[in-house]
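In what follows, structures are represented as structure tokens.
Consider the two complexes below, in which subunit A is the common component and subunit B and subunit C are the respective partners.
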Partner chain A sequence: MLQYTLQRIALALGIVFVAISILYTVMITLPGDPTTVLLGPRATPELRAAFRANLGLDNPVHVQIAQFWGRIASGDLGTDYNRNRPVAEAVFSALPHTMALVFGAIVWSAVLGIMLGAFSADNRNSWIDRVTAVLSVGFLAAPSFVVALYSLLLFSVTLRWFPTIGAGEPGDILNRLYHLALPSFAIGLAWVGYVARIVRAAMLETLGENYIRTARAFGLPRRTVIYNYALRVAILPAVQVLGVGIGGLLSSAVFAEIVFSRPGIGSLIYDSVSGRNYPVVMGSMLVAIGFFVTCALIADLVNAALDPRHRTRS
Partner chain B sequence: MTAFRHTLTGRLLADPLAVVAMLIIAGMVMVALLADVISPHDYSAMNLVDRFSPPSATYWLGTDNLGRDTFSRLAQGSRIALYVALTAVTISGAIGLVLGMIAGFGPRWLDNSLLFIFDTARAYPTIILALALAALLPRGLSTVVIVVVITSFSEYGRVVRTQTLSLKNAEFILAERAMGASFGRIVFHHILPNVLGPFFILAAMNLPVVITIEAGMSFLGIGVPPGTPSWGATLKDGFDYIRTTPWIILAGGLPLILVTLGFTFLGEALRDQLDPKLRKGR
Partner chain C sequence: MPDLKLQRLFPSLTRRQLFAGAAALGTVSMLPVAAWADGTRLNVRAYLEPDDYDPLDASGFLEELLYGCIYRKLIQYVPGDEWAWQNDLAESIEQTSPTTIAFTLKQGQMWSDGYGEITAEDVKFSMDRHMVEENNSRIKPDLGTFTHVEVTGSHSGIIHMERPFAPIWTIALPYLAGTVICKQATEEAGGKITTAVPPTVSGPYRVREHRLGERWVLDRNPEFSGEPADFERVDLIVIVDEAAAEIAKEAGDVDFTAIGPASVQRLGDNPPAGTQLKVHPALFYHWVGLNVQNPKFEDIRVRQAIMHAIDVPSIMQAAFFDVAEPATGIIAPGLIGHRPETLIPPQADFARARELLDEAGIDRLDINIDVLNNVTHTTVAQVMQAMMAQAGIDLNISVHEGGSFWSLGVAADGDRWQDLELTLKRFSMTPDPYYATAWFVSEQIGDWNWEQFSSEEFDQLHDEALSETDPARRDEMYRRMQDLMEESGGYRFLTHGVTANLFADSIVPATRPDGLPLVQHFRRA
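And now, the complex of A and B:
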């Protein structure tokens, strides 16, 4: 297990390193001079040259990448020249909002999805099972940003049940949750059906196992067997899918943050892109990719810890 | 009737959800082909007198802030959606198919390096990568296609690799080899046809994903150029005036939901028919 864990961590670090390096290379080699953006079209050539030298833009590409990672290693994500603050400050004040949104969506959709999936497997071919099956594909197909727009229109603009903008008052947890409810509903909706399907399939498979039959033969109550014994194993595939699904949720979070005018990594990148603010774009990408790869890694390790068969799979 | 159900089309026609799905997709293709004929107005014609008109006999789905007819714009938008989806899925599928087969057949080190490339490409969250590249690349459909190809070729690659690996040492392949079949014959006559089933299911499932990515990027203003009637651009116009003219958002989201539903139901039905092993819990 230790060897597997170390291998996976090394692989995750490698992936983040290569993914960001490629992006950084593209960013510094593509035409389009950052000095024009930062200094404006009327800057003198001397000023540009001085600025380029100051930023290290004259060095060859591989040196620039080495310098970039050197800065990252010392905890410096660069400087946001547009607003004259460290990129790290901008990114790490935005990250908690995005994490709250993503985890909020995961928690409610996983809880509801697992319950629906277990219930469907228990009551196979009942009308609830059939409705869940159709709805789960239906929800899965609804694009999250359309769901976000429709729920904004229905619950905030028309019914006025929920606030339309912002993340709530700092320090006031209830107010924060109130602002979080609708966005996390919107991006979690697709996952309810997905989790339900996966849990249902895994449940049906598990219920056919020998140890479940043994438990039944021992006369354990049906409820205990299904919801305690089988469900515990049937959740595993859903954990794996949710870990990888963080990437999709991050993309959905961008829309939710823009539709509901929330602060977060998505709206930070969005604003930086329109302002051609490359250091902030790069810093946010690093954090977003790092967050995604970490979540996928954790899901992988949790699965391996709970199910040893998983470790040998390539 | 029983004989009829042995063909793929026959079995799909027996599945009500598949029929609904095919009707939706056929409808979308018809709208895309006949967009100029069925549109009551020119999709780009501005009519400032009639701006923000609610749905009426003249403007079936109302008009936007420039008085452009929403229905005509959505009809035209189906062309963009189909064009991007088909182009992007074809390119990423082709790359994935080739790389996946190379990984499946190649030596261990090549397989491992390709797997690493697949994992790395998968690490980019699609829309966030789209935003980062939007800062660098010109706005347009080709940027949308590039983003989709980067983030999705690895999916095809993985599926094709797994399939190739399991077939490589199958008995009928070993028999072919023992009989002296050439490498090309084994690849093109035996491996490829067996790989294509799961490959096409994945492609069908990915079409609505690509349509959503295009609409999403256009909604964020990093997809189609300004003025292009993409579904996402229509939603963006509606979002800006959500308090006064809700019908633009309502109408703009519908084709997107319908089409993703259609393709997803069809993909599910295809998977059930073509690959019973993948059938989950039925």
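And now, the complex of A and C:
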């Protein structure tokens, strides 16, 4: 297990390094002079030239990338061009909002998806199974930004149950949860369908296993067999998918944070890319990719811990 | 055998626990949405986040939105429908010669948090620092020919200019560059205000906290020397997306927001309960620019043909939903230099366009237009594409995101600026014509003059109008400059647009004539 864990960590670090280096190259080769965007129209050409030189934007791409990794190695994410503050401050003040959003969405969608999938498998080919199938595919097909807008119109404008904007008052947990409800609903809905389909398929496979037949033959109650024995095994593929799915949720979070005007890594990246605020883009991307790779790594390790075949295969 | 590892990871949930959880969620969902709706709190939308508290870093109206609440100036704009200024910190202020302005401060105007009285030294410090090269002030050009402030007493001073600079009254003093900050506090902070909240303020509100990426929370400043603010708390909420802002207003989560032209008719005819809509003529200018140096447009008849093939009224209808008027130039109505009409009528003349192309020996013309990826401008381009086809012009549309678009014409960002053909742009504006014409002088080629329009007469007039203090003469000069632009065949002026504000009827908003909010003057209804 230790060797497997070390291999996975090394792979994760490699992925972060390659992904960030490629992103950096793409970003600085994009058309769009950051000094034009950042300093505004009234900045003099001299000021813009000084700004470029000061930030090292005149250096060749490979030098800029090396400088970036050099800074990262010394624990410095750089300085925000716009606000003259450390990038780390911007990123780490936004990160908790995104994590709350992503984990909120994961938790509710996993709970509901697992319940729906298990229920569907338990009632295979019944009308309930079919309705669940239609709902699952419907949830999957609905883009999160459309769900976000319609849920805003329904739950905020018409019913006035939820707020439309913001992340809530700092220090007030209930208020924070209240502001989190609708965005996490919007980005989690598709996952309900996805998880439900995965769990249903895995459940059906598990229900055909010998040990389930044995449990039934021993006269254990049906619910115990399905929900205590079969489901525990059937959710393993969902755990793996949810780990990787954090990446998908991070991109959905960009829309949700803009539509719901929430602070977070998504909206920070969006604003920074538009403004060609390179240090903030790279700092945010580093943290977002690190977050995603860490979640995938944890999912791998959990799976390996739960199912020794994974680490053996590796 | 039960799998203990799994049991630890996934403890079973009893039905009772499930119901309890659902009940808790239900209770949370019943919390009142507008808990603050007691009339003492004001929520105003900001479409982007202001940069910081230091005017050196300011670049536009968003900073002004914040500074207006927490800082003061010698003079400030008067809310209403006509451009005018009124004294703020100044007890008296007057032009004593073409290059000097004498001012006297009101007595007893205080900084908060124990920083004492506002003095002429603060005024000098605030304005002079923009002229120091190392300070990298982004708004230095707003001060024009300003050189320094001479302090003549604790409450009096003289503003000096190198030569006359008419916009000092319209752009410099009542806007960003005229913001007065506290000398002592700024020096204590190391020469620049980079703290989480400003160490001291002088306006009707003070900063309680800045929630990064979300909002600025302001409280009433109890040490404000003027009439106390009407709201105990003001939130400047960052809502980037216009549709999201509109929804937030309809849901009652913001009290004041600008909305897009597409929503004006719908909300004007059927406003949400407790809501009012007011539409103001804006100062921005949208135009189609043509790179006159591009070999494709060497023949002026080709340029004129393109201008004749653009039907401005159709664009107003399709992209601006008939809520905006066609522009006659880059200077909006109500400002010095506004032209009553264009040289080429706003209506297209396809026959004339075709005739000009025939005279130039062109059968079919393939051209490209670069536009920003916003709905309004892409719609304008599509309307143009359909119209130009009638004159035998094939228009290809290239859509760009903001960062890429705004460097298309910039020489420092590659060679693309030389090959530009048509571009569709909107520039912001301040209430002085100097601000509009400044971008089209010859030295701006390769920077903001993407049409590469170059006219000695234009450059000379721009320079002279800067120092001209006779409003009638200035008016004439700016009109002539717009004629020159249009005669070049490089410009088809579209509109100044509108600013449509949707607001709760529990407040009395205060805006500049162009509809931009002056939050410091907002009152409860």
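Please note the rule applied: the second predicted complex is superposed on the first by the 272 of 314 C-alpha atoms of A that agree within 3 Å, B and C clash if a C-alpha of one lies under 4 Å from a C-alpha of the other, contacts with A are read in each partner's own complex, and residues count from 1 in each chain.
As a convention for this text, a contact is a pair of C-beta atoms (placed from the backbone, for glycine too) under 8 Å apart; a residue touches a chain by one contact, two chains touch by 3 or more.
Because the structure is a prediction, the values reported are computed rather than measured.
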Partner chain in contact with A:68 - subunit B first, subunit C second, else both or neither: neither
Touched partner set for A:258, first subunit B, second subunit C, both or neither: both
Touched partner set for A:157, first subunit B, second subunit C, both or neither: both
Touching partner for A:11 - first (subunit B), second (subunit C), both, neither: first
Contacts of A:232 with subunit B and subunit C, given as first, second, both or neither: second
Touched partner set for A:194, first subunit B, second subunit C, both or neither: neither
Subunit B versus subunit C as contact partner of A:306, first or second or both or neither: second
Touched partner set for A:138, first subunit B, second subunit C, both or neither: first
Which of subunit B and subunit C A:278 touches, first, second, both or neither: first
Subunit B and subunit C contact sites that coincide on subunit A, given as residue numbers: 30, 32, 149, 152-153, 157, 258-259, 270, 273-274, 276
Residue numbers on subunit C that touch subunit A, as the complex places them: 2-3, 5-6, 9-10, 12, 28-31, 33-34, 48-49, 51-52, 57, 59-60, 136, 138-142, 192, 194, 209, 211-215, 237-241, 243-244, 247-248, 250-254, 401-404, 406-408, 410, 412-414, 416, 427-428, 439, 447-448
Interfacial residue positions of subunit A with respect to subunit C in the complex: 30-37, 39-45, 47-52, 82-85, 89-90, 93-94, 149, 152-153, 156-157, 160-167, 170, 174-175, 177-178, 181, 228, 232, 235, 258-264, 267-268, 270-271, 273-276, 305-306
Contact footprint of subunit A on subunit B as seen in their complex: 17, 116, 119-120, 122-129, 131-137, 208, 212, 215-216, 219-222, 235, 238-239, 242-243, 246, 249-250, 253, 256-257, 260-261, 263-265, 268, 280-281
Subunit A to subunit B touching residues, read off their complex: 11, 14-16, 18-19, 22-23, 26-27, 30, 32, 121, 134, 137-138, 140-143, 145-146, 149-150, 152-153, 157-158, 197-198, 200-201, 203-205, 247-248, 250-252, 254-255, 258-259, 265-266, 269-270, 272-274, 276, 278, 281-282, 284-285, 288-289, 292-293
